[in-house]
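What follows is a set of structures for review.
In what comes next, chain A is part of two complexes: it sits with chain B in the first one and with chain C in the second one.
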Partner chain A sequence: MPSYDVIIIGAGPAGMHAAQALASRGQQVALIDDNPDAGGQIWRGVNNHATQPARAALHSPHITTYYQTRVIATLAAQQLLVETPNDAHILHYRHLVIASGARELLLPVAGWTTPGVTGIGGLQALVKAGMPIANKRVVIAGTGPLIWPVAAFLRTHGVHIVAIVEQQSLVRLARFGMHLASHPRKLWQAMSYATQLIGVPFWHDSQVTAISGTTHSTGVSIQRGEHQFQLACDYVALGHHLVPNLDIAQSLGCATTPAAITTSDQLATTIPHVYAIGEARGIGGLDCAIAEGHLVAAVICQDAPAIARWHHRVQTERRIATAIAATFTPPRLPPLAADTIVCRCEDVSHGQLQHAPDWRTAKLQQRCGMGPCQGRICGAATQHLYGWGPDAVRPPLRPARVATLALLYAISPTAE
Partner chain B sequence: MATITVSINNHTITCDASSSVAGAIAQATHQLGATRQSVQGMPRTMLCGMGICFECRVTINGIAHQLACQTPVVTGMQITYGEAGDA
Partner chain C sequence: MSQSHVIIIGGGIVGCACAHRLAETGWRVTLIERDTLGSGATAAGMGQVVALDDSPAEFALTADSQRRWHALGQANPLVHEYTPCGTIWVASDDEELAMAAAKVPNYHAAGLQAELLDAAALYRHEPNLRPGLPGGLRIAGDAVVYPSRSAAWLWQQTGGTLIHAQVSTIQAGGVTLADGRHLHADAVVLATGSRARDLVPALPIRPKKGHLVITDRYPGFIHHQVAEMGYVKNAHLADVDSVAFNVQPRATGQILIGSCRQYDIHTPEVDPVMLGQMLQRCLEFMPALATLSSLRVWTGYRAATPDGQPLIGPHPHQPGLWLATGHEGLGITTSLGTADLLAALMNHTPPAIDPTPYLPSRFFAPTSSLL
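The block that comes next holds the complex of A and B.
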């Protein structure tokens, strides 16, 4: 069985910086990611956007990378069952670092299942992966700081941005802007996005209430105060900020809240030998993720001067995380019609769910969250809509091949 | 820009070599048309772009339920969906 000093789950900025900082101290590291390349959702490949330490991580003889690799189960005795495109492995760790990042919170609205409706980060990811977008008309709607860089990105790719529709009030957004003033680099970034988006209609205190189109999206209905109006477009990018990916931590038994894996100020979770960094520790952005990557390496290697230095840096970066959380959550939702789909995998509607007592009952009686995404989309949605908490996380964490699961049962005949 | 050819629903398509299967499908269809039918028969396609929602699952080289958004294209790859596939 391959054994590592440290296994890092997630090859985004946090995971890559942790890997490089650990490798430079002589640790044998495995870096696992389900994407075909490192870089996470923000860099998507280690290109010239990535920092120098992140790029160096990929050339270190101390780091073994596992791409297109999913964690299927967390096992006893500090082992993970992982699945690669062609194989499955059981990997042993002395320390485990969860850098599983975040996903977009995608909330139901009438017509959101229509082809042409994507996440906001989702649309950017698809365009970076080759989706043609030039001269298309796009409405970007929802809430969150992701709206601005994605809008600027789309505009540089020749997109006609029909409108940006932000749910938050101008007062709230202005307060966030003032907070940015104490972070000069972030303020500069925000101003550069604003410059790139001159002339794009921006509606605050507004929301998309319906998406039209049958085989492809053709437009949106927007509610702004008392006013309701329609806009024609080709694509609708919808998103309500980010939620951390918690399933691996929950599978290990780590304490979590809906917003974060619970950690000490030295990044330890409630389970021994398991740490959490980056967005999984609460949405904090790139600089915070990088600082926590450095800090976790210092903590694992008990490098006291480095711990002091990076701990201070993390504290500073986490302040912006607090401001982001105060500004962009929780989103308000337009009232849903009974026939609006909530669970896309199993086509379960709001009408079928609104009187269910909890998530577990909805799963058993309506099959809500029982499809291939295993509740990754509707779980967060039903938490917002109905206040349901998560159910126990059980293996397999992702749909897996029979041969992979056979490995699980071969070593653990009593596994549930 | 380097290009390669793949087969999408039995049509030979030339696409950007750095694309994902999702990107190649979008290049071939010029929009995000349905790549699967939901359990109630509604058209669906890629949503999250990052391996979470499983809406983009297609059949690749005969293996069903592969995520188009997390699979890079490879020369000669056979991609099917809808009536041509079983995803």
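The block that comes next holds the complex of A and C.
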């Protein structure tokens, strides 16, 4: 069984920097990511001066990268079952770093299952994967700091951004802007997005209430106060901020809140040998993730001066996380029509769910959350809409080949 | 005339079926369920409707129930997702094929369809089985259903009162709930599956844990419920941990993969080694399963009795208490036959089949006061 000093789950900015910093101290590191390359959901395939050196450093002989690899189960005795495109492995670790990042919260609105409607990050991923988008008309709507870099990214790919529709108030956004002013690099970043987005209509205090189109999206209805507007477009990118990916931590038994994996200020979770960094520790952005990557390496290697240095940096960067959380609060949703689909895997509508007493009844009687996404999309939506709690986390953490799970017959209950 | 009132404890498929049948025969019914209807083992099981001839008692109840499911399913196939796919019992060697051949007359004598398959016929029906198998037995009248929804549907037909609560004790003339309320009834039916001993500790019921896997949608990958002939030998009777190949096509195109049995495990967590052993067994029979995407794994508890037959009938020492539990892995199938039998006993009407093998009194010594 392959064994590593440290296994890092997630090759986004936090995971990459942790890998680089651990390898430079001589640790044998495995870096696991579901995607075909390092960089994370936002920065993968983007030339970014902040992440480029760490990406280059992944070629270290101390680092084994497992791309297109999913963690399927966390096992006893510090073992993980992982699946690659053609194979599966059981890996052993001395220390585990969870840098599992975040995913977009995607909430239902009338017409959201129409082809042409995607998540904001989802549209960016499609474009990175080669979807032709030049000269298409796109509306970006929802809430969260993700809107701006993705809008800028899309514009550089020749997209005609019809409008950015942000549901937060201008006052609240301005307060967030003031906060950025004390982080010069972030202010610079924000201004560079603003520059790239000059001329794009920005609708604050507004939300998309319906998406029109049958075989493909053709437009959106926008509500601003008492007023309704219609805009024609080819694509709609929707997102309601980010939610951290907690399931691997929960599978290990780590304490979590809905917003983060619970950690000490030295990044230790409540389970021995397991650490959490980056967005999984609470949405904090790129610089925070990088600092925590460095800090976790220093903590694992007990490098006291580096711990002191990076700890201070993390404290500073985490202040922006607080501001993000205060600004981009959970979204309000327009009242849903009974025929609006909530669980798109199993085609379950709001009308079928609104009178169900709980998530379990909805699953058993309506199959809500029982499809391939396993409630990763509709689970968050039903939490928002109906206040239903999430399920206990069980393996497989992601869909896995039967042969992968069959490999478990041979695992040892104790470390070798 | 005032109706007699029965309280049924447990809203799984057995409790709901009993409520349905008792309401049909004139009882006023109250159902008490601690979770949601059709949860527990009802939700955790495969939803199989199978006629099994491994003992006369098992055969009588499963054959009777298979017919009842056919009538119910044909009348309302969408509710129950009734899919009359049949079962193929796969023989792994000539000895098992001879066993299969010997079963055919039994089924025919009971008026059920049964067909011995040679190797060619076996692969014509199920090409994804591994090469080299000698044949099997096809029971065309078997089916699969979606039992959680069936349970809720059976209950909805009764017009009875549903109470979401936990029962703390059963006493003569009714029950007491955990919140202190007393409910009165002329009769109480205990249908809480593997948890029956929480309320009647002396019952000979042991929980037998199982794991199941469900895949993404692969319509046409299998056409029947397909299980190894050794299933009963490996699964029902063994007193040790066991695994057996058993796969089932769902109405959605998904495949359910089982099965395994573990005694006296009380934690619901997925046991990775057991799961791995179960899937290895399935891959031996059906290697093409290897690349299918499994979405979800869960566990549940069957209510096992020492002789493998359920407990249906009066509690021998507690007047007014009736039992409908201990259905092991066959509770979905036998729920309808159980309900009919229990109602006949409670109504003093002639039962459709001989109730003797299922009477709870078989496990109890006569009380000294009666001697």
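Quick notes on this one:
As a working rule, the second predicted complex is superposed on the first by the 400 of 416 C-alpha atoms of A that agree within 3 Å, B and C clash if a C-alpha of one lies under 4 Å from a C-alpha of the other, contacts with A are read in each partner's own complex, and residues count from 1 in each chain.
Here is the rule we use: a residue touches a chain if its C-beta (ideal position, glycine included) is under 8 Å from a C-beta of that chain, and two chains touch if they have at least 3 such contacts.
Everything numeric in this text was worked out from a predicted model, so none of it was measured.
Of the two partner chains placed around the shared chain by superposition, chain B is the only one that A:118 touches, whereas chain C remains out of contact.
Of the two partner chains placed by superposition, chain B and chain C are both touched by A:399. Looking at the shared chain after the overlay, A:212 reaches neither chain B nor chain C.
When the two complexes are overlaid on their common chain A, residue A:51 makes contact with neither chain B nor chain C. Contacts of A:262 after superposition: neither chain B nor chain C is touched.
Once the two complexes are laid over each other on the shared chain, residue contacts for A:372 go to chain B and to chain C alike. In the superposition on chain A, A:407 makes contact with chain C only, while chain B stays out of contact range.
Touch counts on chain A: comparing chain C and chain B, the chain ahead is B.
On chain A, the surface touched by chain B in one complex and the surface touched by chain C in the other have residues 371-372, 399 in common. By the touch rule above, chain A contacts chain C in their complex via residues 73, 75, 81, 357-358, 360-361, 364-365, 370-372, 374, 394-396, 399-403, 405-411, 413.
Of all residues in chain A, only 34-36, 41, 68, 103-104, 106, 113-119, 121-126, 129-132, 214-216, 234-235, 341, 344-347, 371-373, 376-377, 399 touch chain B in the complex they form.
Considering their complex, residues 35-39, 43, 148-149, 152, 213, 215-216, 257, 269-270, 272-273, 275-277, 279-280, 282-283, 289-298 of chain C touch chain A. Partner chain A is touched in their complex by these residues of chain B: 15-16, 18-20, 22-24, 26-27, 30-35, 38-40, 42-55, 57, 65, 69-72.
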